[in-house]
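The following pair of complexes shares a single chain, chain A, combined with chain B in the former and chain C in the latter.
Moving on to the complex of A and B:
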């Protein structure tokens, strides 16, 4: 297949006085789901805004579905559905009003699909926006985006503030939209469970920089926690891929990235006994990554 | 997460819902059905292929292996567990006869 990449960012930089996004490279093919994960203020929303052409970068290039952004954003946006928290619906109008409104702008509007989504989301189209709960608003905005059948869905924090039942409805419908292999999703979340469940690729952002960006299975596979007993209190081997060390008496938990079979042997030969080797959840990887990135920033600051 | 999918597929095969030569859903279909990412389902299929539970032909799809019987699948799983246990025992420096003794205890 010779499809252009869903998103292709190279060397993106955006400088605010209080925050700097630097050297962001980010790309994934159509048909895939990319999840941006990182703490609050890491730069997730800024990246999404750059991708949407709502901001122009200070340096670097952005292509979305083959279109250069922000210059060709009109052509690109025909095929992108964007959902963000600060998007407002008209409070005194109904869901039906918004459906007609979107339909009048986008000729790709699929009325049958919109009706299906109304039923699945248990929304009443004659209800006014001001009476909707937060969950209903999120579902209504998702409906308005999905019924256009966009080739790329860009979703800033889809599940923030949703109860578990609505969260599931939203994620399920995002996945349903992917049944066609040219549809893609780029979304940000600090809910690691969402990212772990539906992403094909994970990009981890911290302090305006990308720490890691790779396919989810490799990402998760690379991390391990080794539980050691260090009876003679010998020094741990000095491996560059050690990301965290928790020591308490003779017991020690070491978190490593880029794990391979040679790692346990190096601890063994340094005189430590390995009692367990555990895989990490994305939540644990997230925390280890943040801790490590913080320490790195401190080091840079000191130097 | 891919291990969960592997387990589910093995169960479907084990209870006879998917007899030998059954065409498995495409990666994308199963991802949509389970609401799990495509890469996760792909990984599960890859591992199942390695274990000989399914056969995948590029561009054609995946089938439940016809040379497969349930006992083989389970045996393979047992061997994997034993392999892991042996590795762990080695790293713990537990001698061979001690491990064999333990296994004997469990078998009684």
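Moving on to the complex of A and C:
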């Protein structure tokens, strides 16, 4: 039997006075990791909250693990573990209090795994939440989400504000959670390295719109930086997929998307000498995308 | 299987507040214990005023502290996303909050009302004719509480809840003064026989209906909310 998609959003729209999420289409199958990347205020958290049924869309549809959201959120959330950076536990209570509470709700609670996570995260059951550092709080929240063995993990900026060591612990545990091939993760992060490290799919969001959504290999493979020498100051070819140009004297760095073998040839025939073709890191792609998206928004505004 | 988690949410809230409840219960019981010692040693009108404060003070404060801790602070301290990540809808969340707040306040209110009635009429501080009016007073307090609880659940905002406390406290006082001077009520207050005339029964019925309406309206509105965080 075919498994339903982990997440399937079609034409998702959410209108606020200050912000509009517009026509978001987003889907990925169970067993995959989808990373949402975008600048602050792009709409990442709004999408995740819509997926969780915490917000209702103004238009469009959302299905999570086959359940229509937000109407079937109770059934869906039995199989979802959610963490967001603005989520807090009860300060006056211990980790054990929270573990007992979650255990009383989910019959899938794995007590052995919870104990393993406690040791791995160096947490103590009887520590009160108010005495935990930020990193420990994130780890405690992660423990509560993972030990119930959900089929889908939805994480909103899970690694924000963590030191590199804790960040690695959190990411490692997210990866461990995927050992079962039907478990999926949808997560957002400012940290492009996190997204690059564990995602199967990458979605870039800007200004409430999806700019690009592809599997990681295609996403990373589609971008190149061409270093050119333009001795005779000839004009660059007018390619629609040029996203950024940085010129310094006769030296020029051109960032392109949708790269294929015909791109260098077009530069060569325009009289440019290509000295290097470089692949981009996700951070560089992110910055180029933001710059380009900003310029497009400005153009739309002027028009 | 979709079994509701309302019992777990109520139990969680109870565990979060039981120390506070215990403290208020002890204060209330102490005050109730002190009142008989005062009876006969101070003038009756002083006992009535002090007794009213001693009985209602802890009960009302407990009700307000409880709804702040279980409801308003859930939002203010960002524990609500944690709760709403669990298999629960906005309507069930509200039902759970009602199921912790309403019974606890009702128990306090019933005990306080029973003790007040015993002192007022059992010990003869008030004439029997005041029974309908005192009933209206205590029902008025319950109605004000349900209205404050509704505002608190609907807005989950500290300023809105504080404002509603202020409005309903002043409003209830004004309302009680008004009915105290209504002739069909005032005429019998000092009489030796309680009279449940049409005015008195209508006022009591309306009070009960307002309390029920406030709760049902809250549940309805919460059930229709599409954004709940």
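Note that in this section the second predicted complex is superposed on the first by the 302 of 303 C-alpha atoms of A that agree within 3 Å, B and C clash if a C-alpha of one lies under 4 Å from a C-alpha of the other, contacts with A are read in each partner's own complex, and residues count from 1 in each chain.
Simple rule for what comes next: contacts are C-beta pairs under 8 Å (C-beta built on N, C-alpha and C of every residue); 3 or more make two chains touch, one makes a residue touch a chain.
Please read these numbers as outputs of a predicted model, since none were measured by experiment.
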When chain B and chain C are modelled together on chain A, clash or fit: fit
Chain B versus chain C as contact partner of A:283, first or second or both or neither: neither
Which of chain B and chain C A:163 touches, first, second, both or neither: neither
First, second, both or neither for A:88, with chain B first and chain C second: second
Partner chain in contact with A:54 - chain B first, chain C second, else both or neither: second
Touched partner set for A:264, first chain B, second chain C, both or neither: first
Degrees between the directions from chain A toward chain B and toward chain C, using C-alpha centres, nearest 10: 150
Touching partner for A:105 - first (chain B), second (chain C), both, neither: second
Closest approach of chain C to chain B (Cα atoms, Å): 26
Footprint overlap on chain A, where chain B in one structure and chain C in the other make contact: none
Complex contact set, residues of chain A against chain C: 49, 52, 54-56, 70, 73-75, 77-78, 80-84, 86-93, 97, 101-102, 104-105, 141, 145
Residue ranges of chain C in contact with chain A within the complex: 2, 5, 8, 11-12, 15-16, 77-79, 81-82, 84-89, 92, 226-229
Contact set on chain B toward chain A in their complex: 1-2, 28-29, 31-32, 35-40, 43, 88, 91-93
Chain B partner contacts - residues on chain A that touch it in the complex: 31-33, 171-172, 175-176, 178-179, 181, 196-201, 215-217, 264, 268, 273-277
